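Got a structure for you, written out below as structure tokens; questions coming shortly.
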Amino acid sequence: MAELISTSGLTKSYGDKLAVDAVDLSVHEGSVYGFLGPNGSGKTTTIRMLLGLIFPSAGAIEVLGHSVPKETTRVLVDVGAVVEGPGLYPTLSARRYLQRMSRYGRGERRRAIASIAPGERPALAPDIDAALEMVGLAKVGNRRVKAYSLGMKQRLSLANALLYPRRLLILDEPTNGMDPQGIVEMRELILRLAAQGTTVFVSSHILSEIEQLCTHVGVIQHGRLLFQGEIGELRGQLPARLAVGTSDQVAARELLRSRFGLQPRTDESGLLVMDRGGVAIDEIAAALVGAGIGLYRLAEDRSTLEEAFVALTGEASDVS
Amino acid sequence: MSNAVSSLFKSRFGVRIAVPAVVAVGAVGTALIYPQVVSASSPSLASETTSQVIASAVSPTAKIYSGTVVETSGLGLPSSFVNELSGSTSTSGLSGLMVQALTSGVTTNFWTNYASNLRIQVPSSTGEFDLYASSGSVWEWDSATNTATSVTLPSGTQSQTTSTTSTPPSPSTIADALLANLPAGATVTFASPQYVAGQAAYVLDLAPNDPSSLIGSAQVAVDAATGNVLGVWITPTGGSTPAFSVYYSTVSFTAPSASVYDFTVPTGATVKSVTLGGGGSTSTSTTSPSITHKTIGSGFSAVEVVTGLPQSSSSTTSSLMSSLLASGTQVTTGIGSGTIITTSVATVFIGSNGTLAFGAVPQSVMLADLGQG
Amino acid sequence: MFLEELGYVVKRRRTLVSFALLAAIPIFLGVVLDIAGTPGGNGHGPGPVFFDRVTHNGVFLGFTAVLTAQLIIIPLIVSIAAGDSIAGEATDGKLRYLLASPVSRTRLLALKSLVALLYATAAALAVVLVGLAVGAALFPVGPVVTLSGAQISLLDGVGRLALVGLLAGVSTFSIVAVGVFASTLTDSTIGAAAITFGTVIVLSILDGIPQLAHIAPLFLTHYWSTGIDLMRSPVVWSGILKNLAEQAGWMVVFFGAAWARFTTKDILS
């Protein structure tokens, strides 16, 4: 798979302060890449450098095979972006806003299309109706933006990123300010786009919001990239934990200790919690039931990704 | 600091700002320094003697048909009088221009055919004053008051009108007077040649060497090609900058289009008429029989004495006159009592009995001269 | 992109208010003259140039209005428009989306500058046009008398009026350049406009100080009054040409500085 975003030694300093410190990003085609980090960790600065809005102090950036910031405008023809909240004209309607944005980008898009073989050229004109439909604003598209809620504004910003079929979407905190329902819809939309083959680079400071979306994760803190890889790999860094609830916790603990050599301990809710190591769950279940102990709960810990995050960064993901 | 500068030049911004910065330096240079370099740069001219240049100035080989004459004046008039003048509401029209000419300077454009037509234009930021003279008719036009004034010359002088009115006042008028009155002890040397109104010119430096004159030196620029006097700069004794100058900033040696002389009284304008030499005129004719005139001394320290002048001509003049008188010193002389006023290059005595004396001399010399009278 | 920007600016409420203010000047002058008559009869009043001619010839209302507006109102409105050019997009984070639309920074700056220059020209011409219309409605119109006392045809007079208006617009091109540069320095429209208008006011004050006479020709305001040289017979071009050179110099320097700044600036808004 082609590398759509690749940075090497990407650094941005303001005076003596390093906002981004030698970051090597690698985002492959077809992936949904979650870019995680607390607020102020350098996420937004990195994303702005990818989009040519901020000039790096050192390092190199390639997006879609083009160098940034040198070929920024060419790159952005194929990139849809939502950057840190919406930037809208309060007095314009959503439809009029999308029209304005597409007219601004028209010249650059025409030039980019001209370099593509005539049979394979994408449409020059944007599909404003489809973009509004996709984000669920079709019915209010003629209303002035100043009457919109923050969630609606965020959706309109996303519609702007979806004016044309894109190879890459770069979304910086797209769920900011959205209600739970909106967050669910946004997630579904991103999954739908990913299924259609769009590569998505999405940042968030709330792990749980994008946990179910991502195939890949990058974790950044204090400007440093702490982890980058498949999401399972991040989970795999932590021992697999098992919680067991039985009718006789004392007997169960003794059995697990003697039969499998596990070290269960009792947590605050009375469950037996242990690192099951290489022992299969069905084996454990069969042994307990076989010994006549009533098994009413057997679960792998669901919060492992969050714990992995905490283990990496030393703080919870949702601190803002 | 040097570290900051060197890092600026390494930055993208540093490289890009260099373009407008260079242009800015270039523009400032072009606007401020270039004209000075040009005026300071000496044209190389064939060597001639001062008397040859003076002779060429007496009979120029080409006539200046149109141009711009710049007159500047830093005469050092009493400041109370200057304040009164500039504060005065009557500083429009001809009298306003005279005030301006005395206190700071005036720039005028002129066109002439040296036969029958003369036009003098004094533009200002809000209007202009014009003099249209052609054979038999002379009009003053003041845009500020929307007034056209027909000027009638005294009868009998009509035939002379053409020649007198079609010759514009120019630096040569003053230069001729200076050259004609050169005293015996005066020295004439060459200063470095200069460009004046774009023409390469010899610059004569006249030093009267007359201790009783206020004039320390006078420089006269003579066009090397045509012999026209292009400028006169008068520096007072002991001074370093000219107190009075008059020079061309542009000249043209080709006759202008006849349309510049056309004047028809516009509809809606106020029409007035004055007769020179008669009552109500701001000018005073020297041919009036009651006025007498004599010169005391000679050369640059000559004092002109005029007697028999009317006491005052208009109310505005007299208000200014009283302010002028208030700024001087009361003295009694051989020709009566009056007020004496000294500027950097001239002293004027205004007598209470209609006498007037003036000369480029200090007050002491003036008083000594008048005491004899 | 150009038509989009032009359409956007034309439809803005700020544009409407600004042009209403500009139109109010000739309307106000015209109505006052119509009701009160020329102050001091047919003499020179303390009013603006040509003020005393308006009631005799409505064409002069255009001259009076534009020469009056040229001093404060037009520079103010142009300062606001130019100060808004980049900073206005930077407020509310619109600029980053425009750039991501995508458009190159140089092209965006050129577009914004061009539209601001057109705006400045339109502002001056609007005063002339309204002045001419109001003048013709309230007062008689006829052949025009120049400052030199020469009479020119009505058509010639209106043509010169248009040129005076155009020149008043072009005289503010330096303000546009300064304003666009200021607009790249800050994200605040008001701040950029204040810097720009402040520059104009300070320079016009310094222009009147005799001790600074030797550098005064460099001030962008220095040759503003040369527009009336078009109303002399013959037309005196030297001051007008100096003004054009002055404006061109300021434009090259400040548009250049704006370009250097904007194309290397981190967009943080």
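Per-chain numbering from 1; labels A, B and C assigned in written order.
The rule we apply is simple: a contact is a pair of C-beta atoms (placed from the backbone, for glycine too) under 8 Å apart; a residue touches a chain by one contact, two chains touch by 3 or more.
Computed from a predicted structure; not experimentally measured.
Novice: Go ahead and name the chain pair joined by the largest number of contacting C-beta pairs.
Specialist: B-C
Novice: Which chain, with its centre taken as the mean C-alpha position, is closest to the global C-alpha centre?
Specialist: Nearest to the common C-alpha centre lies chain C.
Novice: How far is the middle of chain B from the middle of chain C, if each middle is the mean of its Cα atoms, in Å?
Specialist: 37
Novice: So, what's the distance in Å between the C-alpha centres of chain B and chain A?
Specialist: The separation of the two C-alpha centroids amounts to 83 Å.
Novice: So, what's the distance in Å between the C-alpha centres of chain C and chain A?
Specialist: So the centre of chain A lies 51 Å away from the centre of chain C.
Novice: At least two other chains touched by the same residue of chain A: list those residues.
Specialist: Residues 55 of chain A touch two or more partner chains.
Novice: For chain C, write out the residues touching at least two other chains, lowest number first.
Specialist: 264 - these are the residues of chain C that touch more than one other chain.
Novice: Mind pulling the chain B residues that touch 2 or more other chains?
Specialist: 12
Novice: Considering the complex alone, what residue numbers of chain A touch chain C?
Specialist: Within the complex, chain A contacts chain C at residues 48, 51-55, 72-73, 75-77, 79, 81, 83-91, 99-108, 157, 160.
Novice: Name, in rising order, each residue of chain B that touches chain C in their complex.
Specialist: Against chain C, chain B makes touches at 11-13, 16-21, 23-24, 27-28, 31-32, 92, 109, 121, 123, 125-128, 130, 132, 139, 141, 143-146, 148, 250, 257, 259-260, 262-270.
Novice: Residues of chain C touching chain B in their complex?
Specialist: So the residues of chain C touching chain B come out as 42-44, 49, 52-53, 56-57, 142-143, 145, 147-151, 214-215, 217-218, 225, 228-229, 232-234, 236, 238, 249, 252-257, 259-261, 263-265.
Novice: In the complex of these two chains, what residues of chain C are touching chain A?
Specialist: 1, 3-4, 8, 12-13, 92-104, 107-108, 264, 266-268
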